[in-house]
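Next, two complexes with chain A in common: one pairs it with chain B, the other with chain C.
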Partner chain A sequence: MEIFQIVGLGVVATILAIVIKAHRPEIAIQISLLTGIIILVVILGKISAVVDLLNSYAQKVNIDLIYFSTLLKIIGIAYIAEFGAEVCRDAGEGAIASKVELAGKVIIILLAVPIITSLLDLIISILP
Partner chain B sequence: MIEFLKNWVVNTITVVMLIILIEMLIPSGKMKKIVNLVTGFILVIALVNPVLKVVGKEIVLKELHMADSNYINKKEIMASSSILEENQIMQITNLYRDKIIKQLESIAKEVKGVADARADIIINEDYTSERFGEVKKVYLYLKTDENDKKIKPVLSVKKVEIEKINSKNASSEDENSKDENSEDKVLTEKQLDKKTKQELEERIERLLCIEKENIVISLED
Partner chain C sequence: MNIDLIFRIAAIGILVSVLNALLNKSGREEQAMMTTIAGLVVVLLMIVKEIAHLFDTVKTLFQL
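Up next is the complex of A and B:
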């Protein structure tokens, strides 16, 4: 069961970080960053399997695949931005974290704009 | 009609399922709102688009989407390229300048009597003007073939001096003649210089379409 590995890693890293934090706070941040990256890499393989499955289902439906691929891109960006922001926030840099989130939002909106405009076009074409 | 309805319902259910799965996948943070918004739009499109087909007003959403994303990409690239443009132009002008300097130096070295040459130019670096890249001024620092010029006159002078010194009276005349000789040398050197200068000026004029007043040629020690 991989969940035991991940939870074990998380708990050990958390205890380590707390113990070290009193003496060397900069090392504690590095431990938390590294743990986050390891867990993300482990999870990434599983997420890609789920995404592949979703993709195959999306192909069966008539909905344009572009929308679905855009949606997947948006999820990926959301994951990465959230991860970066959390790391920054853990290190006590709330300002940088919010900037990272802002960047993520802007990039997501940039990807979403074509969907919104095509919906608009759709509505305009319905109207006589 | 029933076929259409069946397709529509299956389509809608699948899209809703996919969206629910995706909403479970996304991290629970501030991004969730935006993802919800986009998934909602996609659901609306998936709901409305088949109805349009029946009505006969089908639009190719793929093309619209492509056009919009192309437009955004174009704008993005243009925005980033305008920042890079200045840097790029600077690099290009520097490269252009180096090339012209190398050309000038090689041209100068081709001329007889020039041993070595160093060039420097001033070009119009204002990339907004029409005359961007025009060479404004050329500076050429030349080294002449001193070996050829020095040895020959010295040898000839020595011969004349040794053979003609017979009496003390003649010495004063000799001095005069020496002066004349030296003057002649200076003159010939200057003339040579003028010739090479003219030749150089003409060549540079032809190469760069620049007026002769803007070409400064000087000798280096």
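Up next is the complex of A and C:
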């Protein structure tokens, strides 16, 4: 099962990072960053199956593709923003982490604007 | 999945710190500083390749 490999990898990498943190903290951070990247690449492989499934259903129910692709974009941006913010916070840079998160939120809001406007138009058209 | 990359970077980190201590003891502080920076650059080059790989995966997956 994949989960055992991932947990084993995480624990070993954490121990290595602690060993090196005493002498070379900058390389310790890079070890934790690299472990995060490797685990994410494995997980993204699995997520792509789910995304393909959702895509096929979206076509079948002929939901407007714009909404679904925007939703995917928002998930991707949130994913990467959280990844960057956690790496920065892990290194002790809380201020940079919060700025990265703020940037992620702003970009997500910008992406959500067309959906919000179409929703409002719909509501207005429904009201008598 | 290149797990060995993690161990390679850990080995570099340990090597650099040992070398650093050695050079500091023998009185060559500037060489110690140079080896530290050299080790850091090598590790950074490896990490940047992996980050680029992750970002490409996310870009293709989420149609960003």
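Note that in this section the second predicted complex is superposed on the first by the 126 of 128 C-alpha atoms of A that agree within 3 Å, B and C clash if a C-alpha of one lies under 4 Å from a C-alpha of the other, contacts with A are read in each partner's own complex, and residues count from 1 in each chain.
Keep in mind that, in the parts below, contacts are C-beta pairs under 8 Å (C-beta built on N, C-alpha and C of every residue); 3 or more make two chains touch, one makes a residue touch a chain.
This is a predicted model, so every value here is computed, not measured.
Q: Give one of first, second, both or neither to describe whether A:I47 is in contact with chain B, with chain C, with both, or with none.
A: A:I47 sits against chain B and chain C alike.
Q: Quick check on the superposed pair: does A:Y67 touch chain B, chain C, both, or neither? Answer first, second, both or neither.
A: A:Y67: touches chain B, not chain C.
Q: For A:I75 in the superposed arrangement: first (chain B), second (chain C), both or neither?
A: Both partners, chain B and chain C.
Q: Contacts for A:I3 in the overlay, against chain B (first) and chain C (second): which applies, first, second, both or neither?
A: neither
Q: On the A-aligned overlay, A:I37 touches which partner chain: chain B = first, chain C = second, or both, or neither?
A: In the superposition, A:I37 touches chain C alone.
Q: With both structures fitted on chain A, tell me whether chain B or chain C touches more of chain A's residues.
A: Residues of chain A touched, chain B against chain C: more for B.
Q: Would you tell me the residues on chain A in contact with chain B in one complex that are also in contact with chain C in the other?
A: 47, 75, 77, 79
Q: Using the touch definition from the top, list the residues of chain A that touch chain C in their complex.
A: Spelled out, the residues of chain A in touch with chain C are 9, 12-13, 16, 19-20, 23-24, 26-28, 30-31, 33-35, 37-38, 40-42, 44, 47-48, 51, 69, 72-73, 75-77, 79-80.
Q: For chain C, which residues are in contact with chain A within the complex?
A: For chain C paired with chain A, touching residues are 1-3, 5-7, 9-10, 12-14, 16-17, 20-21, 36, 39-40, 43-44, 46-47, 50-51, 53-55, 57-59, 61-64.
Q: Once bound in the complex, which stretches of chain A touch chain B?
A: By the definition above, chain A touches chain B via 47, 50, 54, 57-58, 60-64, 66-68, 70-71, 74-75, 77-79, 81-83, 85-86, 101, 104-105, 108-110, 112-119, 121-123, 125-126.
Q: If you look only at chain B, which of its residues touch chain A in the complex?
A: On the chain B side, the touching residues are 7, 10-11, 14-15, 17-18, 21-22, 25-27, 29-32, 34-35, 37-39, 41-42, 44-46, 48-50, 52, 55, 57, 59, 61-62, 64-66, 68-69, 72, 76.
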